[in-house]
Amino acid sequence: MFFHMKELQYHAKPSRPDPIFARQLQEALGGQFGEISVSLQYLFQGWNSRADAKYRDLLMDVGTEELAHVEMLATMIARLLDNAPVGDQETAAKDPIVGAVLGGMNPQHAIVAGLGAMPADINGNSWTADYIIASGNLLADFRANLNAESQGRLQVTRLYKATNDPAVKDMLSFLIARDTMHQNMWKAAIAELEAQENIVVPSIFPRELEKQEVAYDFYNLSEGEESRRGRWASGRSMDGLGEFKYYPQGVAYGDKPKLSPAPDYIFNTPPWIRPKKKEE
Amino acid sequence: MFFHMKELQYHAKPSRPDPIFARQLQEALGGQFGEISVSLQYLFQGWNSRADAKYRDLLMDVGTEELAHVEMLATMIARLLDNAPVGDQETAAKDPIVGAVLGGMNPQHAIVAGLGAMPADINGNSWTADYIIASGNLLADFRANLNAESQGRLQVTRLYKATNDPAVKDMLSFLIARDTMHQNMWKAAIAELEAQENIVVPSIFPRELEKQEVAYDFYNLSEGEESRRGRWASGRSMDGLGEFKYYPQGVAYGDKPKLSPAPDYIFNTPPWIRPKKKEE
Amino acid sequence: MFFHMKELQYHAKPSRPDPIFARQLQEALGGQFGEISVSLQYLFQGWNSRADAKYRDLLMDVGTEELAHVEMLATMIARLLDNAPVGDQETAAKDPIVGAVLGGMNPQHAIVAGLGAMPADINGNSWTADYIIASGNLLADFRANLNAESQGRLQVTRLYKATNDPAVKDMLSFLIARDTMHQNMWKAAIAELEAQENIVVPSIFPRELEKQEVAYDFYNLSEGEESRRGRWASGRSMDGLGEFKYYPQGVAYGDKPKLSPAPDYIFNTPPWIRPKKKEE
Amino acid sequence: MFFHMKELQYHAKPSRPDPIFARQLQEALGGQFGEISVSLQYLFQGWNSRADAKYRDLLMDVGTEELAHVEMLATMIARLLDNAPVGDQETAAKDPIVGAVLGGMNPQHAIVAGLGAMPADINGNSWTADYIIASGNLLADFRANLNAESQGRLQVTRLYKATNDPAVKDMLSFLIARDTMHQNMWKAAIAELEAQENIVVPSIFPRELEKQEVAYDFYNLSEGEESRRGRWASGRSMDGLGEFKYYPQGVAYGDKPKLSPAPDYIFNTPPWIRPKKKEE
Amino acid sequence: MFFHMKELQYHAKPSRPDPIFARQLQEALGGQFGEISVSLQYLFQGWNSRADAKYRDLLMDVGTEELAHVEMLATMIARLLDNAPVGDQETAAKDPIVGAVLGGMNPQHAIVAGLGAMPADINGNSWTADYIIASGNLLADFRANLNAESQGRLQVTRLYKATNDPAVKDMLSFLIARDTMHQNMWKAAIAELEAQENIVVPSIFPRELEKQEVAYDFYNLSEGEESRRGRWASGRSMDGLGEFKYYPQGVAYGDKPKLSPAPDYIFNTPPWIRPKKKEE
Amino acid sequence: MFFHMKELQYHAKPSRPDPIFARQLQEALGGQFGEISVSLQYLFQGWNSRADAKYRDLLMDVGTEELAHVEMLATMIARLLDNAPVGDQETAAKDPIVGAVLGGMNPQHAIVAGLGAMPADINGNSWTADYIIASGNLLADFRANLNAESQGRLQVTRLYKATNDPAVKDMLSFLIARDTMHQNMWKAAIAELEAQENIVVPSIFPRELEKQEVAYDFYNLSEGEESRRGRWASGRSMDGLGEFKYYPQGVAYGDKPKLSPAPDYIFNTPPWIRPKKKEE
């Protein structure tokens, strides 16, 4: 169960309305790595967790905090939209500033949402659960979380550079700092698990069941060998169980495929067009 | 430019048709972490890369290999679908095995794709580029890649357990081993970058611009303190720049929000219903 | 079966082209509550109706009228797009008006649709049947319809304020009036059904099968008790079968959940990381 | 800000695992009218609300309760999935019960989610924010909410009939009762607003700006006049401002449309194929 | 404007209910090439048509007929769903036939649609306007239409083979015949346009503006030269303006790309990791 | 397997950055008929092909070439985005040119993709596999391919007119010429197949199983008889097996549908509201 406190986690009041930036800030709310994504991702990972209670608790703590970030961004966006203009080509032509605003804002903010935030990204793409990840394997999922906080912080720093409003910058500086914490946190949680498992997910799949002879090969499948210059091309593998080996070109272990003809009830290209002989 | 060789990277011929498993294998081809996702993710990261040539080359090498995996899976799925049945309730009722197959397969494999693989997941959801990530920041993106290979290997090991066909298991053992390599590889590439930058993405955003006083705080926002037992709750932060601090409960820095009334041309709830006083 | 008459239900000729407004008007055609949504929603409800013939006929009448609205809007949009500009940054920089038009229009109108209307919303999101509702229960669906006409009329009034073109305003005034009728109509149909059933959908689910002791409770789950001031917080319930009761805080009837460990073939976080004890 | 309590709002433990029903129950969690939809719908309406504080508080209370329902359903689904089988055609053929389970469950529950709940519906369609509504006009939105609770309760009663497990039925009886409350509650809130405004949304758009002569007409656009038998076809309109009038056939106020030729730079069908004459 | 007649264009009453086939038939209603797609595709092409009136009339005629097909399929599906079962694993285990039905049907037909047809495909993917095409160029669009009728007839013939119900087969034989007509019709319309234009769309783009030296080259970009055996590899081109030429391997006209470094405000991978030298 | 060469198939370097045109060019990369669509469409058709090897080889050749086009466009877009501005309303107001650029560009290019190309269209809709087609029937699919190349060339010619940059025009002239080839090529492949089959897809479905009496009828279902003036309205059918016949109005072969009542466990509109009598 949840309980809601009216106070925001941090201030969310801009110095002035700015519908152009309101549109851009939607990415941090409802984009692929916006706050809706991380809150629901962590909560679902928590609810589904069959592992030690401290991981479930961690996930619930942070997922719950991210809900507060959704709230802060929704509030900020609504205020950036105060008195946002509506208009057509005539309105745009009369005043270059208004024209620029009409071009740069998302008109759905006025027409559909009545000057409210939307669960959508910069371009008005509705948020989708295709964005989120909860696999039941914590090491896999904490890597997803570390990525989400990395992409998220990156986007918010770009947004920080895009705005001139000190009050908006102030709120963003709070979100950036929290993402610093959350990257540190997932990094710490990953370190704990990797110390007990191994770095390869899932660690408990028996290694002898995989095709071990190709488990540390690097295939150079594009022209040039610049890729030979990296740590991944030679030396002990990161999991400590093999040696990286660089192949200057790929290896084909398989044959040229040839499929059997389709049965009649499928009505594919007719048999007198395709050759008679069966699959080799 | 690309060039196509007819040989498959590895064998992709099942012992026997199996439309039920053909459906399941679609997840590894066209699901969120299937081979279409990783091939296009790495290729887009490579094409967009503004960094050192070795990273671009690495991305093109591996993205090109993943295209070969798409091909192997498409071929295997088409063969698993050989002579897949079509039928209605009467067909299903006559023979329990056929009934089970009709229930467990994806009928679009017959009706839409003519016994061919589809760019879709287990449930017939078409593949979408919402799944992929290319931010221009390599450390962020390599974390996305490590996650993708972790989720992907996890799903393929589950599929390995789901099939009884030794020839299918053999192909999956190859894909599992390649994912072992790719997890090792991204881990190595991440280590290289973290050694030069710092662990927090983006590393070049000036730390003094973030709200540093909250950059290492853990807020316990759910009942109980199990989350205090983790590495993230105390000690030096992973980036070496701070100390983790555990707060037994959250802190509200912001006020209770109250929005200004909407202008008349938006036709929100009318003014005589909402109170007269302006935003505090 | 349908028959098409060439005459439009109402005039759809603007005073002048206006690609910026053409984009905005797409919301009324292909948005969540645009005319494609209501026409297909009513038609599907009609085709699926297993109830009295007058309701089926009502749905077919109105669904068929909405097809005429789709047609009017498509025609108006195509005319607003007459000679819409194409151009790049150089074109935009030369003439501020053209620059504003290029910023405010949807370039797909030129590049993809050849100056035609699209089955999409303001932001070019393709129309999706996720928007529509047909449950087989008429009272539920008429509420969906009343909502659709309410949201739709609201959006069209906002569009009315956004345009300066009297001919466009004239067409919108027709659509607004029809939405007035359709709100009245669904209100009337709902009143008929509620008089025979009860207000709670579905009315024929036996009340003794629901957990009746919580059927009229209001749980205050957010700080403050402003919500106590409403009709929903005390007094006879609207269905006449209970008394509203206000709880100053929520009630937890359930336990703290704890899930069983995952079986081995799922390769979740390994067992030596999760605790041994079984679910309580 | 939110705070999370570990106790569930109600019990969520089935008598036995049942992966087939786990799939079905996903509709109540992540379908169009599942709990994710109502929780985010109410929270966004609340965050965006520019009206009286009691409505915002109401929305936050109920949106917060719905988060607890998401949690209950996620927990129940995870438990229904305990030890869910994986398998191919051979597995299905060996045991008719296992075959039926493999056919009726969602294999993503095992392969993707590791026996966890997913933010998706019965057919594995990811939840999308296209489902939700927040317009800034409370009367419009409360109608959306009443519809959502009506569709939601309807679906849960059907699920109640689909399961034989008394513990699952018990949890559903709780959700059904809460939906009874929520239908009553939105009904009450709507009554409050309609008493102050009028029934037509938005009430503050000046009626003289709409095409009033068609604001109460019913057009019979399908064969037969069964639709004449309803309250909507005659008598005082529900808003008290007009008289319903039934037209046995539709009226075309507009002309036959004819569009202007496309400019050359659009490369539509060439001019020597289309007629020379300009638009009438 | 449209008018609706109550009679169906053709009979749509099955011999017996069959929820498994109801699911499959959804592909013909709401799949990529189902009747919703062709009806809306033709209507939008008609509404947007700026060409000769006979083409607009043709499109409106056929688009209107396809609406009748939507109606027939919706009716047939609703009847196939009569008394469709609901149930869980226990229900499925008791009776193998019921188990097979629960596995092979779409449970949303019962839980969401109340035994009605849905605007969705076999797998419950909602219909999306991403499926349809209206470009303003009739030759391009008539090719889209010919393809749609080809894919559509192919799918319906496969469905014909999948059902054992003579009454369902009878309705499908009607739809198959209409698709025969529609393929003939678009073929005829295409022939008319190609006779006046040329086969290359758009015919009015000046040929001297394209890179004519590569306009008839075939590049063999995959191993082996089986592709040399086709009409496309040699001889006069189909447009009569060139000669096909077969290149045994591809030609690279461009350089190796190298992108400029990103500006600082984008926070991509930092400059000390990427090389100093500017784009060549 | 694939191999990647570093050289681009053609030059992809603009004369100057232009973020507005970068957005527009996305349509050719990630739109419905962009290069991602054709490359994956041809590759999937090839992988799934059960017909003569020359068709599979043809599909692999061209699919592989289209991957090179994806690469060229991604490179061009990244360069058009060099130093693209970020900014809010204040930035836009200061400089009308910058304001126009902020309005006309896709801000995700900066905020999300770090000045890289995206797998998305003009409006930022992510590419989806809903766009592509692979049915197993080559004649059907080659028609889809001819359509794709027609729509694609049409869009690129419009983009050609939209840009003033000679270097961009040069690259587009290459793509336009390749589309000329590909239209010719599919036309040739279609001619080969039609010469061996018949024009109606699928050609091997026995004609006596379709409702032959309606297989060449044209139903005039919209007012006016302009559609009578076409080749499709009279004369020998294009498949040579019938005579086109023009009906001045549609024919209804079916009855007025009436559905059976829903069973109780579905909780549709209750029985005392719907009439007692059974379906006629």
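A few points about this structure:
All chains are identified by letter, namely A, B, C, D, E and F, in their written order; residue positions are counted from 1 within each chain.
One rule holds for everything that comes next: a contact is a pair of C-beta atoms (placed from the backbone, for glycine too) under 8 Å apart; a residue touches a chain by one contact, two chains touch by 3 or more.
Note that the coordinates shown come from a computational prediction; the quantities given were computed from them, not determined experimentally.
Any chain bridging chain B and chain D, meaning touching each of them, is among A, C, E, F; the list is complete.
Listed options D-F, C-F or E-F contain a single repeat of the B-E interface, assigned here to C-F, on the basis that more than half of the contact pairs agree by residue number.
Separation between the centroids of chain B and chain F, computed from CA atoms only, is 27 Å. Averaged Cα coordinates give chain C a centre that lies 8 Å from the centre of chain D. Residue positions of chain C touching 2 or more other chains, listed in rising order: 1-9, 32, 47-48, 50, 53, 55, 60-61, 64, 68, 75, 78, 86, 96, 99-100, 102-104, 110, 112, 114-115, 123, 125-126, 128, 130, 135-137, 139, 154-155, 157-158, 161, 202, 205, 221-222, 224, 250, 252, 257, 259-260, 262, 265-268. If you sketch which chains touch which, every chain touches every other chain without exception. In the complex of the two chains, the chain C residues touching chain E come out as 1-9, 30, 36, 40, 43-44, 47-48, 50, 60-61, 63-64, 67-68, 70-71, 74-75, 78, 112-120, 126-130, 132, 134-137.
Note for the complex: chain A touches chain C at residues 1-7, 47-53, 55, 86-93, 96, 99-100, 102-104, 106-108, 110-112, 114, 123-126, 135-139, 193, 196-197, 202-205.
Listing the residues of chain C that touch chain B in their complex gives 154, 157-158, 161, 265-267. Of all residues in chain B, those touching chain D in their complex are 18-21, 23-24, 27, 31-32, 96-97, 99-104, 121-123, 125, 154-155, 158-159, 161-165, 221-224, 249-250, 252, 257-262, 264, 266-270, 272-275. Put simply, chain F touches chain E in their complex at residues 5-13, 32, 53-58, 60-62, 64-65, 68, 72, 75, 78-79, 82-83, 86, 110, 114-115, 128, 130-131, 133, 135, 137, 139-140, 143-144, 146-147, 150-151, 153-155, 157, 160, 170, 173-174, 176-178, 180-181, 183-185, 187-189, 191-192, 199-202, 205, 209-222, 224-227, 229-232, 237-239, 242, 244, 250-257, 259-260, 262-263, 265-268.
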